[in-house]
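Listed next: structures, encoded as structure tokens.
Two complexes come next, and they have one chain in common, subunit A, joined by subunit B in the first and subunit C in the second.
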Partner chain A sequence: MVSSRVIRNLKKEFRQSGLAKLGLALVVLILLTAVFAPFIAPHNPTDQQLDQSELPPIGFSETSERTSSQMVDGEIQTVTEEVEVTADPDHVFGTDGLGRDMFSRVVYGARTSLVVGVLGTVLAASIGVPVGLLAGYHRGRVDDALMRIADVSLAFPSLVLAVALIGLWGRAAVNVPDPFVVAGLAPEMPESFVLPITVVIVVGLVNWVWFARVARGEALSLRGQEYVKASRALGADDNTIILRHVLPNAITPIIVLGTVQVAAIILLESSLSFLGFSGTTLSWGFDIAQGRDYVSSGQWWIASIPGLAIMLSVIGINLLGDWLRDALDPGIEGEGGAA
Partner chain B sequence: MSLGRFALKRSLQGIGVVWGVVTVVFALRFVTPGSPINAVAPLDASQETRQAIAAELGLDQPLYIQYGQYIFDLLQGDMGRSYIRGQEVTTLVFERLPATVELAIAASVVAIVLAIPLGVISATNRNDPVDYGATLLSLGGISTPNFWLGIMLILIFAVEFNIFNTSGRGVDVGDVALSVANAEPFVGTLLTWLAYITLPAIALGTYFMALITRLTRSGMLDELSKGYVQAARAKGLPRTLIRYKHALRNTLIPVITVLGLQLGTLIGGAVITEAVFSWPGLGTLVIESINNRDWPALQGSLIIIGTSFVLVNILVDVVYAYLDPEVVND
Partner chain C sequence: MSDAERTVAGESAASDGVPVDDAAPSGTPAVDDVLSVRDLSTRFFTEEGQINAVESVSFDLREDEILGVVGESGSGKSVTALSLVDLVETPGRITAGEVWYRDADLAEEFRGDDAVRVDGDHVDLRTVPPSVRRSLRGPSFSVIFQDPMSSFNPSITVGEQIAEAVEVQRRARANPRSTRSRTQGYGLGKLLLDGIVPGRDYTSEESMERAVELLGQVGIPDPEERVDEYPGQFSGGMLQRAMIAQALAGEPDVLIADEPTTALDVTIQAQILNLLKEIQADRGMSIVLITHDLGVIAEMCDRVCVMYAGEIVERGTLDSVFEDTVHPYTQGLLGSIPDVDDPRARLEPIAGNVPSLVDAEMDDRCYFADRCPKAMEACLDKPPEATVDAAADHGAKCVLADREYDPADALPDDYFGEAGEAADPDDGAATDGGEGE
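After this line comes the complex of A and B, so read on.
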């Protein structure tokens, strides 16, 4: 459990490690952005202003050549003209192909990523941890069955399985009213947050097995401990022992894994959105897919900027994970870190 | 237990897992809303037509008969016909598989060749600028979405500098090998091959390079602090020998296990990398089949992906057992 020794180790590691500080700063920044998105975003992220499309980010104004065809005296002529594309201070990161403000989209994208990352991890853990603890504690047939299911589950790459399930089940989404907008504090902003519920369920379902593996390993090593034996000798039933003695002592590696999983699920969500298997259009992966069509025509920022946002969030969470791992040393190097 | 018996035992377990994979893939159709008939029948098909289609596809049979038939056909290498293309799924899948395998191997080679030296240099020069550089590089690598990296590579190397091709496969590696074997001028073919495969291989391999660098670094640091290293130093063995023969060998054992576990990520990554670079592999086929509800093609691709994962993991376990004979007795 979280003892004073654990806190001491965490603090010590945090003081010594610059990367841990950077990680915490990034995660806090992204959390605040996601929560207070309606106040941070200068524009409604879904508002299209076609007369302001494809504006470059500030500092990247440029002149480019545009070729158009015109009818002159009954003949088609191609006219090449110099066009000055000037950045608009109102759109810090520029605008996309439909004139939506990139900065506002990046801010709102943080919500989708974090909510899917956290809810997906919670779902994966709430399936995987009980199953893993029961299997590791009881061993025998339950354990054999779990390990076989885990083997089969691992044989399907998360992304492939997720794409298949979402493609087949549909892309359901729930509109969650945004409390700030409902309260009238940010009237210009979207009234509700689109929660891609199928994506949350599917990423939870495809990642539970990592939690089951780690929880099982912990339960296997804890079941032989003296305090577990003592508790059993005193007549405690198995479920009480698992809940009171095994789970608290297995929690450290589960938390470390959970952190890494949030990062992995954010990457998975962005991949799904990129491939068009999501329930929302307000997602970094979706914007990268949109921006991909503009890469060869010079509007590099539409695809680049959301990717930087993903990268910074995932770096932040991974650094946080490294900090927890180095401070708590749960011995699960490299487990479950991938999308 | 001998290594041979261990390999046999793992293979038998592997067959069990493959059976599980097949069962899950078969069951997928029954937890999905909508009948597969809809994918084949025209929208205005009459009830009779629909029944005729169901009978032709065997969908009117009881579930256990369908399952038995599916397994029976599968054992003979028959995965049915694609609803959309009308082609044998087995042919279709094995046409696509080499492209994916080629991409995955190229990415792994890029990753391993760069990562292991980088991890070792990083660990043996701890807290030097080179260590910080490698640490930051690998942190970035595990945090970058590979599809985005692919697009950025296209932006820089294909759009700005026009060096590489960004779409399709060009020639396959077999053509290159053939030119070399026939003593033909092969440089042109080789360059074409490289022009197509380099960017996707980097996009897919970067995550693994970063992961292996991190694992090698922390593993090496761990090993170098152990007693046997000091004993070897005290005995007067040269430092390079201790590092590269003893410590690195022990470091690679856990690295191999993690790589086996992460193989699914490599295949999943290949799916999305293929989408970015229009690489004609299994990944593109999976996505097309899902969008078209082409059940036989989807089932076939998933089974091949799952089976490849199981096969490679058996291989990894046997290599592991060879490197660390203790596991055989576990």
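After this line comes the complex of A and C, so read on.
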């Protein structure tokens, strides 16, 4: 429940914590980037300009020695030549092996990451929270059955499970028209955003367990509350009690978990894309996989820039989660509690 | 005393100064009984073993009366109350007994249903489907709990919570006897939104108005303003009033008050008790008042049940129990009350502790024998059952129900070994003197 006390705690915690400010700034930055990607990206992220491939980011122009094997007079020889690679101000973060603008790709990658992260979390929560609440509230056999299923899913490495599920279902993706482009505001940009629907479903199915466990724990402690007993004594049925008295009082840890889960799912999505199991090619993980081969030959930015983007977004979201936890759960830090 | 004599003892109770009303034999509820409980047993199945929290309890609740249930902590009072409304939590379970509730409509509905026991206007609630039992909470039974502070959800306003009780009944009436009536016609989705979206109200305008009205009726000043306050902004006494308002929302026939004043200070206690009395007089409902405070019983009740170790050991009208006390336990409870007129008089606490209710550890003898100052050899067998007939005006589950105590029969002081040590008054004071406060 969002009460004035909660808002006061949030503000107080925010003022005191530099990390909270950093986290919020990062998350807002990523959010804006994702939403307004067509205006922020200078190039179409899928346009290939082969004559401009492998350009370094600005500030990293250099002359390097390039060794290659060539046929000279009928013999294979190793030739070393000096190549000058100059950064193009048009491509701030350089270009990849096919001459696609890295900056535009990172900007669009934010969309995929965030959409999958948020939708995956929503799906995981909408499976896990009801399961956990029902299990914790009713206890007994329902609880045993549901929690054993949860334990089994926890015992599986999530990446392996995700890969197995995608292998089973294939890589379906949905083209969602980009409203900005459709409206003609950014004509050069891709007309639609590719939503890797299987990935969303899979990450949701892999991560519901966390929500189930948290929700169950809360329900277990709340069901023993006198006011739950009182409500039952006054004739309320189980559904009413769960939704009126259990869920609202359990929502805080669920929200905190949800934030952290967005970050975890972004990582999982990147891993899946890296392994080639995503349904979209506009993804940070996909770009890392593309750039991996270039790292040894000196084009570090193709893999590192999307890697940096993943890192910053995950750190940002986790810091945000910490801030919410500290502000919403006064039990953890004594001073935060307005007992 | 021989075994043969003891068997006769119970049957002859009526002629021996403790009258027993034979007109209503146990098993069939009398017409003016709102509630007739017969041989109700509730057990808890824990890892330590089976705990007999309520052991074959029988009593009647008449129309417009306040029935007191008194006993030490752990005597099974609260579990009895929860058993009446079928709110015993696992690992507890009602294992036996009948709860006859008078409701002509309900009786009509289930007459001819083989699974449901019906007797005249009375229905045995132990046999009706769970959904029907639940639908009776509110309009038939309401419960007031001991601790008002924790009986309200701290994150919802008091008014909302009273209105919720009103709303539940309103929806139930709109959709009577439907298993899912309380969520039907409202929608799980809407309920979900109300739960998590701030500023959305679960309750309707009418229910809120009724909540204001109810708060006014239980004596809360400025009810229009106080409905919007949170439980934390109420004092304990105010919250107890609010809880009574909540319990009245369904206009119940039977109000079960489980230690309604224990968590309150003495002046507030008196106010709450007066309020309960007024409400009982105004609305003509029956109240089961559970308390460990004999003073409260004396002030409030028409009839009393004294509970010990899960059993009713003595029952009767207030006067008969207080004046013609039969059971040494009741005498002990009465002896634990300080006498204002004689401040120098020593309190006489009951020695020892409430016995373990774990089935395996319980003996066949009278459960009170090892603490009883009048224990005799006859107490080492099962105490007479017949003398605690539910319909009787006065009865006690004690061999003394039908004979005078003769000190010559007493068992030697150290008969019960360790219990004999506890007979030292200084030890006993900690256990029972406290209860009588």
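Note that in this section the second predicted complex is superposed on the first by the 315 of 339 C-alpha atoms of A that agree within 3 Å, B and C clash if a C-alpha of one lies under 4 Å from a C-alpha of the other, contacts with A are read in each partner's own complex, and residues count from 1 in each chain.
Simple rule for what comes next: a contact is a pair of C-beta atoms (placed from the backbone, for glycine too) under 8 Å apart; a residue touches a chain by one contact, two chains touch by 3 or more.
Bear in mind the structure is a predicted one, so any value in this text is a computation, not a measurement.
In the superposition on chain A, contact of A:Asn318 is made with subunit B only, not with subunit C.
Within the superposed three-chain model, A:Tyr227 lies in touch with subunit C and out of touch with subunit B [touch as defined at top]. Touch criterion not met for A:Pro177: it reaches neither subunit B nor subunit C.
Here subunit B and subunit C are compared by how many residues of subunit A each touches, and B touches more.
By the touch criterion defined above, A:Ala236 reaches subunit C but does not reach subunit B. Of the two partner chains placed by the overlay, only subunit B lies in contact with A:Val152; subunit C stays clear of it. Of the two partner chains, subunit C is the only one touched by A:Pro248; subunit B is not.
The touching residues of subunit B, counted against subunit A in their complex, run 13, 16-18, 20-21, 24, 28, 32-33, 135, 139-140, 142-145, 147-149, 151-152, 154-155, 159, 207, 211, 214-215, 218, 254, 258, 261-262, 264-269, 271-272, 275-276, 283, 286-287, 290-291, 293, 298, 302, 305-307, 309-310.
Of all residues in subunit A, those touching subunit B in their complex are 19, 148-149, 151-152, 154-160, 163-164, 167-170, 263, 267, 270-271, 274-275, 285, 288, 291-292, 295-296, 300, 303-304, 306-307, 310-311, 314-315, 318-319, 333-335, 337-339. Of all residues in subunit A, only 1-3, 139-140, 225-227, 229-237, 239-240, 243-245, 247-249, 251 touch subunit C in the complex they form. Residues 85, 87, 90, 134-139, 141-143, 145, 147, 150-153, 155-156, 161, 164-165, 168-169, 172, 180, 182-183, 188, 191-192, 194-196, 198, 202, 243, 246-247, 249-250 of subunit C are the ones touching subunit A in the complex.
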